[in-house]
Every structure is written in C-alpha cells, then in structure tokens.
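The data blocks that follow each hold one structure.
In what comes next, subunit A is part of two complexes: it sits with subunit B in the first one and with subunit C in the second one.
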Partner chain A sequence: MSSVLRVIPHLIGIHIRTHMEYRGALFIGWIAQAIGYAGIYASIALLLARFENLGGWTWPQMALLLAFHLLAYALGASLSFVQFRDMEEKVRLGTFDAILVKPIGPWTFLAFSGLNIEYGGHIALAIGLMVWSVSNLGIDWSPGLVLYFLAAIVSAAMLTAALMTMIGATALIWVRSRHLFSIFFGFWELARYPLNIFPLPLQIMMITFAPLGFLAFIPTAVALGKPVPILGDWAGPASLAIGPLFVLLAIVHWRYCLRNYQGAGG
Partner chain B sequence: MSPIISASGVGKTFRQLKRQSGFGGAIRSLFSRDYSEIRAVDGVSFAIEPGEAVDYLGPNGAGKSTMIKMITGILTPSAGSLSVLGREPHANRMVNAREIGVVFGQRSQLWWDLPVRDSYDLNRHIYDIPEARFADNLAFLTAMLDMAPYLDRPVRQLSLGQRMRAEIALALLHDPKILFLDEPTIGLDVVAKDAVRRFLSEVNKQRGTTIILTTHDLVDIEEICPRLIMVDDGKLLFDGELKRLRATLGSRRRLILEFATDPGPLALATATLAADEGATKHFLLENETVSLLDVLGELGRGHGLKDVKLEEPDIEEVIRTFYQNKPKLAAAL
Partner chain C sequence: MKLSAYPAFTATAFTSRLAYRNQVWSGVFGELVATFAFIAVWTAAFVGRGTVDGVTLPDMVTYVLIAGPLLNWNTTRYIREVGDAIRTGDVTTFLLKPLHYPALLFFNQLGNNAFEQLTITLPVAIIVAFTVGLLPPASLAHGLLFVAYWVVSWGIMFLIATLTAMLAFWLLTAFALDWFLRGIMAVASGAIVPLWFMPAPLAAVLGYLPFAWVSYYPSAVYLGKLDLPAAGLHLAIGCVWLAALAGVLTWLWSRMRHRLIVQGG
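Entry: the complex of A and B
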C-alpha cells in the first residue's frame, strides 16, 4: 500500500507534464469549459429572473446547487471520466493489456496517470459560484454543518468516480460501454435541478437506480434546510453514506470485470 | 533445475456470438443469441528452462497471443495448469509483473509526448528499482542500444527503430527474469532489425534473461531463438530445436538448373519439378540420400546445361513445408 502511495505523485506528475507540453490547449480548454458552463448557468438565472423560483428554489439557492453539482462532478470525474470513457478503446486496441503487465493496480494506474487537470476550469467556476451564493444566502454555518457540507462534496465526488468506474469496467466484458455514459449524462443533466420538480417515478429513480439526486440536490437541500422528497430526515446520513457505498460496489464490479476480462482478440 | 515456465494441458476457451447473416439475421440476433465456444488454446504443454530463448510461432489466429497473455497474467486459463517462476500468473499478476518484462511491438508503453527518460523514471517508481541499480541499468542499456542521442527527446519524435530500442530498454530496466517480446522487429528497417536482434541475443547469453518471442520474422528466430514452439488451431505442433526441425524437413533442397535454351519438359526420378521458367528449372530434392551427381547422371548430356545451383532450404521453406504437411510431420516428430 505504501509503495502504491509513493507511486501516485509520480503518475500525476507525468500526466501533468504531458499536458504542459501543450500549454496553450490546456488554458484554452479551461476557459472554454468555464464559458460553456457559465452560459448554461446564465440561461438558468434568466429563467429564474422570469419565474422567481424553481420548485421553491430561488436563484442564489439554485446557484449553490449548481456549484455543488459542478464541484462534486469535477472532483470525481477528474479521476475517472476520460480514463474510463476511453476504456473500450483500451480494450479494443490492447493498450489495457500493457497496463496489466505492470506491478500496480490497473485502477490506480488509470485514475492517477490520467488525472484530468482540464477540470481546473470547472473547479474555479464552481468555487466562485459557491462563494457568491453562500454570501447571498445567509446560511448559519455551524461547525457541524461545515463538516457535513465538505463531507457531502467528497461523498458526491466518490459517487461520480464510482459510477464512472463501473461503466468503464463494463467494457472489460462487453468491449463497448460508451453508450452507458450517455445514460449517465442524461441523469446528470437532470441532477442540476431540484428533485421535487420531477414526477415521483423519476424522483425514485434518481435516488435508487441512478442515484444522481445525491450528486447535488440532496446535500444542498440538507444544507439549506429544505425538505427532501422520499428520504425526509434520512437525507443527511444517506448523502454521506452513498459515496463510500458506491465505491464498495465499484470495487466489487471492477474486480469481477477484471477477473472475467477476455481481451478483444489479437 | 526447475522450469521457469511450465504449461500442462493449458486451454483457453472463449464464448463467441454466432452471427446470423443479413439484416434479418442482425434483427433476430437482437432477441435470440446463440453462442459457440472457441478453443483458442487447446491442451498445450511445454516447459521452458531459465536462460532459454524460445520462439512461440504460429500463423494468425493460432492462439499464440492468447498463450502469451495467459503466461503474463493478463488472461486466466480455462483448463490445465500454468506456472511462471513457480507461481500461477493470473492469481499473482502483480508479483509476476515485477519479474517479467513485456514488449508489445505495436503498443507503446512509452509516454508519447515526453522524453524517453521520463518513462524510465516513472518505471523506476512503479517497479521500485533502487537508484544505484537503475543508474547502472540505464547506463548499460543506453550504451548497448545506442540511445544516448535521443534519451531526452520526446517519444513522438523518434523513428520506429529508436522507439523499439527504447521500448526494449524500458522492459529491461528492472532486471526481469523473463522478457516477452511480441513482434519486436515488425516494421523496422534492416539496420534497426539487426541491432535489436544482436542486443536480444546478447541479453539472453550474457545476462541469462529468458526470452519468449512471438514473431513472423524468420531471421529473428534464426538469430535469437534456438528453440521453437509451433502452434496452430490452438494446438501444439512442434516443440524442439530449430536444427531438429531443419534436419527433419531439410531434405527438400532446391536444385536450380540453368540451360542455354529451353530444353522442353523435363521429368526426373531423383527430383521433383517445382518451377519451370523455360531455360531455368527448379527442382526439389525430396530425399536426402540423392546427391547432385545422381541428378546430373540421370539428366545425361545433350541438354545444354549452363549452370547448376544447389540451395539448402532456408527457415522460411522449412516452416512452410511444416505447415503444409503438419499432420504427417507432427506424427513423425
């Protein structure tokens, strides 16, 4: 374990050096992503300016929800999205085999050697938006609430990384898994809005089968003291437990897929 | 000495979807799927001693890559038992990986955008190579493979030959006991091929590194591997020294007779006509006891014979002959 921890900074370092070879592309990528998200958020803000609230959520509250959503996603996806989205190519072209002949866990190698610093734009925008919304909401930040909020961000990031790992791992058996990312991002888009604006079956789905309700809505609602459908008072503990629980599920799924990996010929 | 690699009745079966032809078949297969079992490796047994250099040879689809993937711990065998350095490779993949080096001819393990040295540094940490040993090995490999001029150049700027040498060095930095090479000379020019072959042969002889090679390049085999393991349809066809294979099949010497003018059709009891180019005729001497004098005696005078060449069969001919006559020859061997 300690030898793995010693290798991780070197894996991250080599990836950052690779990106720094193309500094222009990296900085433009950050700016482009930040502008893209800012555009989406501006359109939501305009809608709220017209209707005043969305499912009982005002614009500063919505801004906190959006900031939480973006920050938790960026933290989790930086360790997983590009790495596991490209899993089917790695299987098809045999480059995954080259990882399996190294004395290091393939998840560790993939996640950290591909740590995506391109999410810097997401993170900067999310923190900026979060600071603005918090300063406009007048939340009573007790130490317990601060700890809960930080732990909930970590849990949501873990949930993101776990789901992406599970989707990517499926390519080890099915060879193709990218279509599953389309389903993920379908629910991910919905996770930007308050859960209570959706019909009940979709709400149930967003806290069970596709638990992206935990990515932002549930922890933000708990922090704001708003009611959470279905879960009620269990929303706080559940939002902290969901990340570690899905990490355990992802470990089991990853190991199963690795054990049954057959390559793609050649 | 116990074998460094031992395979006993190793098999690997893949489940493959039976595809139905046509658009209708594609629609039907959405609802009803039939699978068949493909035996990529079928009851293969062999033992490789430390320090050997072995070519694992076979046509495309023969099951050689699958076997190498099982030995390196990438795939799990479906049948039989496999032991590498006394361990089951798949169950001990990470421990096994510390003691083997793998070069995939067409899949680079170097970091494309970074100098070669950066990939080596990363491997130093992954394999936990002590700094002094790493420095010694890097100096040795740099000198042997003539890499000094491009060690600090990004991999993307290297020629294929330079890259392959850098890949081989990467696989050897941690002093592996076994080096696996999948088509290491594919696409290289003659000079680069020669450098790689000489180096591998030296590593095998001087350092005692066991080498397992999969290649279609028969010169690689002649220069690096005294022993051949030949497979086809997942089954072992031949396991032995190249010279034994050549001795068994080497009677097919090629006799080239060049005449002043085309003498017309020629049939000989001592040799079989292989190619007729008019004034030049190629015969195969199937029987080792037949001498050149026997053929010339049978041919007699009066044909205007200008020149005679007797060629020993090259390895390509030997292997082609083997695959053409495999059931008969496999039984004889």
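Entry: the complex of A and C
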C-alpha cells in the first residue's frame, strides 16, 4: 500500500510535466473552456434578468448552484473522465492488457497517470463564481455549514468519479461504452438547474437511478436552507453519503468487469 | 474534380454513420433529455405569466426545438475531426487528391448532418410534438421563408465552424477553438435565450452579427415574430453574411494550404 502511495505523486508529476511541455496550449485551453461555460452561464443570467427567478431560485442562488456543479464535476472528472472515456479504445486495441501487467492497480494507474489538469479553467471559473455568489447571498456560515459544504463538494466529486469509472469499466465486458457518456451528460445537463422545476418522475430518477441531483442541487439547496423535493430533512446526510456509497458500488462493478474481461484486440 | 462528383461524399458520410447504431439511440436519449430540460426551464420561467413581450410558453417550446437541435447543430465532432486531420498531417492525403478540401468538408458534413437530423432531431421532434405540442409556422409564407432561412442558417453555421477549425493551421489545436465557439454561440446565436428577452442594447448588437442567423432569426420567422417585409430583409442580410463568410474562407484557404506544418508521420 505504501509503495503505491509513493508511486502516485510520480505518476501525477510525469503527466503534469508532459502537459507543461505545451503550456501555451494548456493555458489557451483553460481560458477557452472557461469562456465556453461562461457563455452558457451568461445565457442563464440573461434569462433570470428577464424572469427574476427560476423555480424560486434567484440569479445569485443559481450562480452558487452552477459553481458547485462545475467545481464538483471538474474535481471528479479530472480523475476519471478522459481516462475512462478512452477505455473502449484501450480494450479494442489491446493496450489495456499492458496496464494489467503493471505492478500497480489498473484503476490507480489509469486515474493518476492521466490526472487531467486541463480542468484548471473549470476550477478557476467555478471558484470565482462561487466567491461572487456567496458574497451576494448573505448565508450564515456556521462552522458546521462550512464543514458540510466542503464535505458535500468532496462527496459530489466522488459521485462523478464513481459514475465515470462504472461507465468506463463497462467497456471491459461490452467493448463499447463511450455512448453511455452521452446519457451521463444528458442528466449532467439537467443537474445544473433546480430539481423542483422538473416533473416528479424525473426528480425521482435524478436522486435514484441517475443520482446527479446530488451533484449540485441537493447540497446547494441544503446550504441555502431551501426545501428539497422527496428527500426533505434527509437531503443533508444523503448528499454526504452518496459519494462514498457510489465509490463502493464502483469498486464492486470495476472488480466484476475486471474478472470478466477477456480482451478484444491484440 | 467535377462538382457533380462531390455528392458521393455526402452519401458515403451518411451511410458510414449507419454502422454506429449505439451512437443513434444514445444521441436521441441525450438530445431528448436536453430538450425536455430546456422546456422545463421555460415552463418554470412562465409560471404565473401568460405572455411575456408577446411571447407565450407554446412559442418557447417550439423555439427550444427549432433554435436548438434543428438549427444549432453540434459542431464539436466536426471541428475536432478537421483539427485532428491538420494536427496529425492526415490533411495532406486530401491535398494530394484532385479535389477542393473545403468543398469535400461541405459535402461530407452535409451527409453527417442529414443523418443526425433524420435519426436524432426528427424522433425528438415527434416525441415533443406528441407529449408537449409544437406550433405550426405562423403562416404559409412564414413557413416557406423558414425553409430559406434554414438553408442560410446551415450555411453560416458550416462556414463559422470551418473557419474556426481552419485556424488550427496556425494554432495546431482545434480543442480550444471549439470551446471558444461554444461560448460565443451559447449567447450570440440566441439558441438558449432568444434576443427578444435580452436587454435592448445587447440584442441590438447581437442582432447584426452572423451568429443570430443560425438560430434566432429562423426561429423568429417560423413563429411569426418578424412580419414578412422584415423577414425578407433579414433573409437578404443573412445571404450577405453567407457570401462574406464564404469569401473569407476562400481567401483563408488560399493562404493556409501554403503554410501547412505536418507534425504526424
């Protein structure tokens, strides 16, 4: 275990040094991605400027929701998205077999050797938007609420990484799994709006089968003291438990897929 | 190469997409979820309001489908494919052939886009029409004008995406360019929020830029928000933008093919 922990910083260091060889492209990418998201957020801001609120959420509250959504996603996806999106290529070409014979767990190797620092633009925009919204909301930040908020971000990031791991791992038995990311991003898009604006069946789906309601809406609503549909007072504890719970599910799924992996290329 | 030979690229692009059926159903699902998300957003915005600035909720449901999946097609795949061809050097294989590369891209993308409209947008439109309801064109004349606007919209979107992708000849990456374009299109095309709901000074500026002809003007004409003389005038302005962008692409292409740096092997 300790040898694995010693290897992880080296894996990350090698990847960062590779990216820094093309630092111009990296910085332009950060700025471009931040502008890409800022365009969508500006549209939502324009909508709220005309209609005042969306399902009872004002623009500063929506800004906090969007910032939480982007930050939790970026933290989780930096450990998982590109790495597991490319799993089907690794399976199809047989390069995943080379990872299996390395003296380190394949998930650890994939996640950390590909730790994606291209999410810097996402994180900078999310933190900037979060600081602005918090300064405009007048939330009573007790130590308990601060701890809850930070833990909820970690839990939501764990949820993101767990879901992406499960989708990527599916390629080990199906060979193809990239199309499942389209479904993930469909629900991910919904998750940037207040859950209460959607029909009840979709709300239920967003906290069970596709639990991306926990990615931003539920923790933000808890922090703002807003009612959470269906979960009510359980929303706070549930938003903290969902990340670790899905990590356990992802571990089980990953191990099942590894056991049943037979290769597809070579 | 004769122009009559190029439609073969359209047919090839269309049929080659048939091989990836998983992409179709996941694409339909993703588009359906995104469309219903925007319908839910507008439904929430219109709660307690019958009409806002002369616009009703059924207007906005129809606007969501036309301005979004129908007109503002996803250019990411296209831009990144062209960018990759430039970065890896694959573009040289096309330069060796007796064809015009931008024309090849045009006919190829026409096939890809026709496939997506038929297999993704059409099923989504049918589901939305039966579940939520879609409005017909404001009049027959508006409907006919909309068809002309659709052609202009597609042409402008293709030219903007191609110009963006071609900048990879200088920057050697299309990744960042794609994200820049996404940010601009989100606001300036009116695909998410129509210009009639924006502050007047901003709407006035965006109303003159070519991005507005991709989503906003065609949708506004379909819904009858522009009277026929204004719709005709704006169609003419759209054609001027189309010609100007085509001119810029022609000029840029004549310069770019002389500065190709091949990095791949």
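Simple rule for what comes next: the second predicted complex is superposed on the first by the 264 of 266 C-alpha atoms of A that agree within 3 Å, B and C clash if a C-alpha of one lies under 4 Å from a C-alpha of the other, contacts with A are read in each partner's own complex, and residues count from 1 in each chain.
What we mean here is this: a residue touches a chain if its C-beta (ideal position, glycine included) is under 8 Å from a C-beta of that chain, and two chains touch if they have at least 3 such contacts.
As the structure is a prediction and not an experimental result, all values here were calculated from the model.
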Touch check for A:T208: first (subunit B), second (subunit C), both, or neither? neither
Counting only touches as set out at the top, which of subunit B and subunit C does A:H179 meet: first, second, both, neither? second
Partner chain in contact with A:S135 - subunit B first, subunit C second, else both or neither: neither
Give the label of whichever partner, subunit B or subunit C, reaches more residues of subunit A. C
Name, in rising order, each residue of subunit A that touches subunit B in their complex. 3, 6-7, 10-11, 14, 17-18, 21-22, 93-95, 97-98, 100-105, 259, 261-263, 266
Within the complex, subunit A is touched by subunit B residues 14, 65-66, 69, 72-76, 93-95, 97-98, 100, 102, 104, 107, 109, 111-114, 118, 121-122, 125-128, 154
So in the complex, which bits of subunit A are touching subunit C? 25, 28-29, 31-33, 35-40, 42-44, 46-47, 49-51, 54-55, 176, 179-180, 182-183, 185-187, 189-190, 193-194, 197-199, 202
Note which residues of subunit C are touching subunit A in the complex, please. 22-23, 25-27, 29-34, 36-37, 40-41, 43-46, 52, 171-173, 175-180, 182-187, 192-193, 197-199, 202
